[in-house]
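Listed next: structures, encoded as structure tokens.
Both of the next two complexes hold subunit A, though its partner changes from subunit B to subunit C.
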Partner chain A sequence: MKKLINKPENALDEMLEGMTKAYPTYLRRLDQTDVLVRQDLSADKVGVVSGGGSGHEPAHCGYIGKGMLDAAVAGAIFTSPTPDQIYEAIKAVDRGKGVLLVIKNYSGDVMNFDMAKEMAEMEGIQVASVVVNDDVAVENSTFTAGRRGIAGTVLVHKIAGAAAERGWDLDKVKETAEKVIANERSMGMALSPCTVPAAGKPNFSLAEDEIEIGIGIHGEPGTHREKLVSADAITQELFDRILADYPLKSGDEVAVMVNGLASTPLMELYIINKKVHELLEGLGVTVHQTFVGEYMTALEMAGMSITILKLDSDLKMLLDDTADTPALKVIGTK
Partner chain B sequence: MKKLINKPENALDEMLEGMTKAYPTYLRRLDQTDVLVRQDLSADKVGVVSGGGSGHEPAHCGYIGKGMLDAAVAGAIFTSPTPDQIYEAIKAVDRGKGVLLVIKNYSGDVMNFDMAKEMAEMEGIQVASVVVNDDVAVENSTFTAGRRGIAGTVLVHKIAGAAAERGWDLDKVKETAEKVIANERSMGMALSPCTVPAAGKPNFSLAEDEIEIGIGIHGEPGTHREKLVSADAITQELFDRILADYPLKSGDEVAVMVNGLASTPLMELYIINKKVHELLEGLGVTVHQTFVGEYMTALEMAGMSITILKLDSDLKMLLDDTADTPALKVIGTK
Partner chain C sequence: MAELNQIIGALRLMAETIEKNKEHLTELDGAIGDGDHGINMSRGFAFVKETLDKGGFQNAGDLFKKCGMALVAHVGGASGPLYGTAFLRAAMVLKDREDVHAADYVQILKDAAEGIKMRGKSDRGEKTMLDALIPAYEAAADAVQQGKSAQEILNAAKVAAAEGAVGTEKLVAQKGRASYLGERSIGHQDPGAASAALVLAAVADYFAAEK
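Our next item is the complex of A and B:
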């Protein structure tokens, strides 16, 4: 696998430098850390912090800015960030209103964010946390007890970030994030593996006519392998799995995310999106907002995931609020 | 090559449907065409129209919206749109102030946009056109007489679109677009080929340790092949080629675009961006704005291009103006 990097051991550091140079008005890097912090930190709001292993760009540092995250902690590739770095992020963004941690459900992330939370609480900082587990594919996969957190995490960033930006208190921001997690489900599939730079070889292999359904964002096993079929048939399969877990009914309103894992062209994601909308229309479900693009990637893996979030009036309002971050911008009225 | 499509012959139509469903407040499709038009067409401004072969998504339909394009015409994959469709786009957006066509320099595009321009002029519509030829790699490559138009085209959309949105007249919008074209240069490279769905096989091949420098966005030949070296060395090589053609001096201000061709992870593009910024800093050149992402792709090709645009005060102002499109948003004061 050919990569545009220098030394594998420097890739994370160089990436964070490259991000900071690209977006100096949005991001600054905390000295001696892999923590990026929002430049225009608001003086009077709940802080929102996320993070996780790298290799999922633009997640999570790309979502730092007005209406989303105040800081993100970048672990080594596919590896949880350490508690001390998460603790630095919490300290950097706390403004006396407390801090919400948005954690993807991987054992290492949950453990390290929890330790950082305890460290911050010992310093008198009020910290709450939520764990995102939107992937309906499998329970207790590699790295995870329970369901994995995947692309739906970005919708938690968007909505919890908007709630914090509106000046809501920590309890209410946490409650809102938990509502998103309760109301969203995702399911993904892959056409090809990815290669961690330091490993130098693909993390699994698939035959030329084979896909894997239910795969995670690190190449963890999914539910099964099957022959490549049409985009419509694959979309139907993922959609049915999502709805089996979280049924929708006529009159419901949802947000849709069709997330590319990296190598899948936007053309193909739009074709998937067409089918998702048709399936929802068939049920009498209205789509309030659609996101098609690369929001939570897996290095250079080809594949995609579908996320469906059921909305109520509060979630719609917060989804439509302004977000001004490098990777996701919404031009709203608030 | 595995693709998430249905029938190859339906890919373009289904993609356009998927885009329209994703962004119904931004886009509508003209009946019986592959033309997408801005929903909130302004009553009193110059229209800006672009287009070209498909397979470069989000270009060009993703750039339809406030501050960028009013319509885009999608040809078959890697194939120029037909004159009649371009003509429909021109008619749909003309509001009596005239229409600017932004054309990438490929023989088919130039010929077909010119024919459409003549058809519209016969109907009394005032039409101007500019031809983008930012790629310094080669002259007279496959499909092209002269230099090719690549990722720099998106900066023409941004700036000409902002000029039109400000109410500038057709001559001044055209003059501004020409200034962007005169002041920008790009150069790209690839690590892997891409596969046109209907062809079913890759359009060229590269060995496992080989890259091609100066390649175009359809896999047209570049200047040479070489062994894969470090990201820094590749960046230096492309940068030197750009500066050999358009020298910069201390005190200059520029915009930078590091454009992914599709399969190259954002992590790698940020590593490239770090080096581009360091090289510019070394020359005493200031970066006013940076774009890192997939702006002008080549189906699932791995690789990237670097674009550098020298700015003056007008170009900076227009670059910072609000753009509200599916694929590029700038939250400005105008």
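Our next item is the complex of A and C:
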């Protein structure tokens, strides 16, 4: 596998340095950590912190800025960050109004964030957390670790971040984040795998004409493999799976995210988006806002995911609020 | 009875054993997880070794606390908080203690398993490290009941953990990344159970070699 890196063990550190140098007005690195924090931490708001393994850029550090995250913690590639680092992030952004942790539902992330939360609470910091589990490919039963958190996490950052920016209190910001989680669903697919630099070889293999449906953002297995078919047919398949889990009816309003996993050209993502819109129109569902691009990637994997979030008036308002971050910009009135 | 320098020796052997089995653990995780368990464990235990090299431990409890913090801060993944919790539980058992007895070892296994259950919201039979650790505790407790020697107690835990780890092959994973595979996880050994068995084997082997 060809990669533009120096040494696998330095990739995380060098990436964080590069990000810091790219966006000095937005973020800075906390000394001796893999934590990036927002430059203008305004005094009077709830802090919003997220993070996870690296390899999903621009997630999560790219969402630091007004109306989204106050800090993001970067773990080793595809590995949860550790509690000490998360704790540093919490301490750095707490302004006495408490801190919300946005966690993706992976055993490692949940446990490391939980430990950090306990550490911060022992220091008297108020901490709340939400766990994002938008991926309908995984059965949400008591016999699994539950659904995974994928691209829908970015919409949680957006909306919880806007709620915090409006000065809402910790309980209300948490409730709002939970509302997003309850009303969004995603599903992805892959055309080709990715390689973790330290592992040196791809984490699965697909034949030239084969795709994997329901893949996770670390190359975890999906629901099944099938022959490559048209973009419309694949979109239909993912759409049907999402709607089977979260039915929509005529008159509903939604936000749509078509997320590229890294090696899929925007052209293809737009083709998918066209079909998603047609399918929603066919149901009488209105699309309030659309995001097409690379929001939550999986190293150099090719493929994409579709996320649909059903909106109410509060969520619409928060989604339309200003977000000014390196990786996501929305120009709003607030 | 074991003294502080012997416990340090056992922990060193533990770190070496993990390093030696790094590839093996990563391969096991590659089959049903994300192929990083060996990488995570070797990174964490390298810091345990560094902690041991630094020294300056007040007592056995302090030793386990410092090693536990090294694991929490450097393993990452799911196994970091779990192994970290296990070591911190051991630190509580050994609080202010200069030496360690066989009965303490049993208590450590018990409390470590309880800590992991709590942190991981998991239990026996779900194809995790608990399927090595809980049988090890039971075997060690049995051996104490039967009035066995300290070495026999350590060996009993080692054997039971190894059997438990192999036994995970026939289980369906219900926790961690492997649970996404459901039935397809059958036939593969759980990497966390394998590493737990290695850790307990290192303890028994260290003291056996001392004799």
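List of remarks:
Rule of thumb we're sticking to: the second predicted complex is superposed on the first by the 329 of 334 C-alpha atoms of A that agree within 3 Å, B and C clash if a C-alpha of one lies under 4 Å from a C-alpha of the other, contacts with A are read in each partner's own complex, and residues count from 1 in each chain.
Please note the rule applied: a residue touches a chain if its C-beta (ideal position, glycine included) is under 8 Å from a C-beta of that chain, and two chains touch if they have at least 3 such contacts.
A quick note: this is a predicted structure, and the numbers were derived from the prediction, not measured.
Per the definitions stated earlier, placing subunit B and subunit C onto a shared subunit A by superposition produces no clash, and the two fit side by side.
In the superposed model, A:Ala199 makes contact with subunit C only, not with subunit B. In the overlay built on the shared chain, the residue A:Thr290 is in contact with subunit B alone; subunit C does not reach it.
Applying the stated contact rule after C-alpha superposition, one finds that A:Arg148 touches subunit C and leaves subunit B untouched. When the shared chain is aligned, subunit C comes close enough to touch A:Asn112, but subunit B does not.
Applying the stated contact rule after C-alpha superposition, one finds that A:Ile272 touches subunit B and leaves subunit C untouched. When the two complexes are overlaid on their common chain A, residue A:Ala11 makes contact with subunit B while staying clear of subunit C. Counting the residues of subunit A that each partner touches, subunit B and subunit C differ, and the larger count belongs to B. Once the two complexes are laid on top of each other via chain A, the angle at subunit A between subunit B and subunit C, using C-alpha centres, comes to 130°, given in steps of 10. Legend: residue contacts after superposition of the two complexes on their common chain; A:Thr322 is shown touching subunit B, with no touch to subunit C.
In the superposition on chain A, A:Ala244 makes contact with neither subunit B nor subunit C.
In the composite built from the two structures, the nearest CA pair linking subunit B and subunit C is 19 Å apart.
Comparing the two interfaces of subunit A, the one with subunit B and the one with subunit C have no residue in common.
The touching residues of subunit B, counted against subunit A in their complex, run 2-6, 11, 14-19, 21-23, 54-55, 57-58, 62, 191-192, 208-209, 211, 228, 230-232, 234, 262-274, 277, 287, 290, 292, 294, 297, 299-300, 302, 304, 322, 324, 329-331. Interface residues of subunit C, counted against subunit A in their complex, comprise 26, 30, 34-36, 39-40, 43, 72-82, 84, 119-120, 172, 174-177, 179-182, 184.
Partner subunit C is touched in their complex by these residues of subunit A: 75-76, 78-85, 106-108, 111-112, 114-115, 138-139, 142-145, 148, 196, 198-199, 203, 216, 218-221.
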